[in-house]
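Okay, so chain A shows up in both of these, paired with chain B first and chain C after.
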Partner chain A sequence: MTRDEFKDKILAILVDDFEFEEPGLEDNLRDDHGFDSIDAIELLGKIELILGFSFTREEKEKAMGIRTINDILDYVEAIQQSRTK
Partner chain B sequence: MAEMQSSNNSFSLRRLSAECIDCLVTLVCWIWFIFGFLLFFSWFYLAAALFRKKTELYFQRLNSYFYAIFFCIVRVTAPRQRMVIDEKIAEIRSSVIVCNHLSYLDPLLLIALFRQQKTIVKSRFFKMPVFGLIIRKSGYLPASSEGQFAAMMIKQMDTMGVYLKSGGNLFIFPEGTRSRDGKIGKLNKGAFKIARMHKRPIYVLKICNTDKLFTPGKFFFNTRVKNEISVTIADCIVPDYHNHPPTIADLELRVRAALGEK
Partner chain C sequence: MKRRVVITACSAITPIGYDKNDIIESLKKGKSGVGVLRDDGLLSKHIHSRVFGTVDYPINYDFKRQYRKTMGPVAYYACQVAKDVLERSGLSEEFITSGRLGVAFGSTHGSPTVQREIYKTFFSDLDSKFSSIGAVDYLRSMVHTTAVNISRMFGITGRIIASSTACTTSSQSIGYGYESIKYGMQDAMICGGADEYDTTTVAVFDNLLACSVNYNTTPECTPRPFDANRDGLVVGEGGGAVLLEEYESAKKRGAEILGEVLGFACNNNGGDLILPNLDGITATLRLALADAEMNPADVDFVSAHATATKMGDVIESQAIAAVYGKGPLVTGLKSYMGHTMGTCGVIETILSLYMMEQGFIAPTLNLDNVDKRCDMLRHTPGLTETETKIAAIQNFAFGGVNTCLIIKNGRDAVQ
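This part shows the complex of A and B:
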């Protein structure tokens, strides 16, 4: 899956399931959209479904530091790359 | 003049003796907290810690018994305090429970009421020597997921679905802090998100008058005034998660209405 395709899916999830209004790629998720750690864990579950594999606990811990949608895309890209190696 | 002086003296004496009673009741409760734990409960906690599989469950039960005894002590030592708890509350299982927050007694009261309970606790408490260990072993969640708490939060959230399905309750004070004027403050949405994520009912409980016994900002219990502490079910929200999943805003609105605010 390309970064753009993944971005579209993430944006759709954030709008449909997390009730975001007009999310921007560089918005601060917490400050601009009230996205908290519980949301982060729920989103990780949805990303796992898209990717078809589960994250390790260490990978999930790293995700807790994510601040923007671009961070999410970078994070998933890095994990996908490390798994294909 | 002499009569007035005598009346003043008697008033001061009465006030002093009443304050002594408050001091004594508070002291007895603290004695229970320290020596009740050290002499009696620490052994059970130690034994529970040895069980690898059901440690959380055993710790939660011990917490519940510990605080149930605490409230028995309060009832005996402060007979002017009456407690009225809706009997149906003890039957609540597998639910997310949200409640208004008036006093530090509120979480203790809810722990005493539910044998299988988890809650969200201020992160700094997890760093305390003994108390921190107990709340960690009980499977309580830290309020923050920053730094060292990220792993703890993830572990608890990973197992939350199974925990709730097995009959456990998660109680949360969505205001996050005690109300000083009885009004409902801004509600954090975490409780609603967890309920929706795991498709669980939300019970809204209303606690009244715990602040009259243990007033925010005061050290001693106020045992002299006649007081009725009550816990009632204000609402039970069972959304149709499959066909009409509610928005978080919907849930918040309904909880706020149940707690008596439009």
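This part shows the complex of A and C:
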């Protein structure tokens, strides 16, 4: 899946399931959209379903540094690359 | 230090209405909120009792997803009535978030609806299902879900008391909230309880032969507290909240005083966890009067727990007779809506406040022929116009827990 295809899926999830209004790729998820730790865990579960595999504990811990939608895309891209190596 | 504690706002979602005027009309016209048990796709088809005190009208919730995500149905009721009391109180956001306002709120067992889904996952024996067990499910189902969803939604930072003692849950909430203010730990408390539509509770009572089964085709004719033809309780749903405030600060800010909590008692029977206990509940009623520094003759109205079980009503009648004789009017308000479980104490308190304000006392619905073992009381004889100065609200729960609240009419509380 390309970064753009994944971006569209993530944006759809954030709008439909997390009720984001006009999400921007560089918006701060917490400050601009009230996204919290509970949401982060739920979103990771949804990303796992899209990707078709479960994250390792180490991979999940790396998600704690995510602040923006672009960070999510970078994070997923990095995991996909590391797994194809 | 002992401080006076007043009630300055209230709201209740009940089987006989949500709006105050609807509730008053139901009480005045003798309209029942008991309906037919709904199909839940699981237990309902096995239950012999086909009646339930149902909230069957739409409620326009307006909660953002940020809050909804940790709320099961029980928290919707709780947060809605808490929102109402905060809006009606006129308290500033600065005060609400100051730490001087706390929450005492509970339910019988959190959200059974959410728990049911969790258990399906627990026992599915699939890795994919296991990983879907999330923190959100726990937050929505846990036993203190009502109290902390309220505190989160409104940014309340004071103490949290999440009582969960079945039928005495919300009367404990009011009692412990009252004590928190009386002894200076908090200046105000949101107190109450909620319970959602739940057939597991009905099943428990059904199997104990404690549920009403003879009025399945005429739900409005049951429960029948104190009546010779009563055949058990009817489970119901709902939510209720009162705002308690320290009297001087409430007066200073010009708050409307709906009532004053004069006394509270809670004790345990110290033995059997199910059977009603005359000594235990008689002691509760006396302890509450002592806390209020009142004599039995001061009490004009007793809101009886009166679930319409065969033995419960008899034992309660004996306790009321032992403490009050034939003095106060006695009504079993569950006759209008069934037993709303963890909510019943706060709903019965609010209904008592409404009746005190409006100058009437409603009779026990369906009390056509008083059981001879319960006829030593002064049962409210039809809709009675009367000035009630002091009311006692009593509730008893599985586990042998008993409570009694002594409440003063708001008009008399203002001095």
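Please note the rule applied: the second predicted complex is superposed on the first by the 85 of 85 C-alpha atoms of A that agree within 3 Å, B and C clash if a C-alpha of one lies under 4 Å from a C-alpha of the other, contacts with A are read in each partner's own complex, and residues count from 1 in each chain.
Everything below uses one rule, namely that contacts are C-beta pairs under 8 Å (C-beta built on N, C-alpha and C of every residue); 3 or more make two chains touch, one makes a residue touch a chain.
The shown structure was predicted, so the numbers you read here are calculated from the model rather than taken from an experiment.
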First, second, both or neither for A:S54, with chain B first and chain C second: second
Which of chain B and chain C A:I41 touches, first, second, both or neither: both
Which of chain B and chain C A:E19 touches, first, second, both or neither: both
First (chain B), second (chain C), both or neither touched by A:M64: first
Shared chain A surface residues [contacts with chain B and with chain C]: 19, 34, 36, 38-39, 41-42
Residue ranges of chain A touching chain C (in the complex, touch as defined): 18-19, 34, 36, 38-39, 41-42, 45, 48, 54
Residue ranges of chain B touching chain A (in the complex, touch as defined): 144-146, 150-151, 153-155, 157-158, 189-190, 193-194, 197, 247-249
Chain B partner contacts - residues on chain A that touch it in the complex: 19, 34, 36-42, 57, 60-61, 64-65
Contact footprint of chain A on chain C as seen in their complex: 64-66, 69-70, 131-132, 134-136, 139
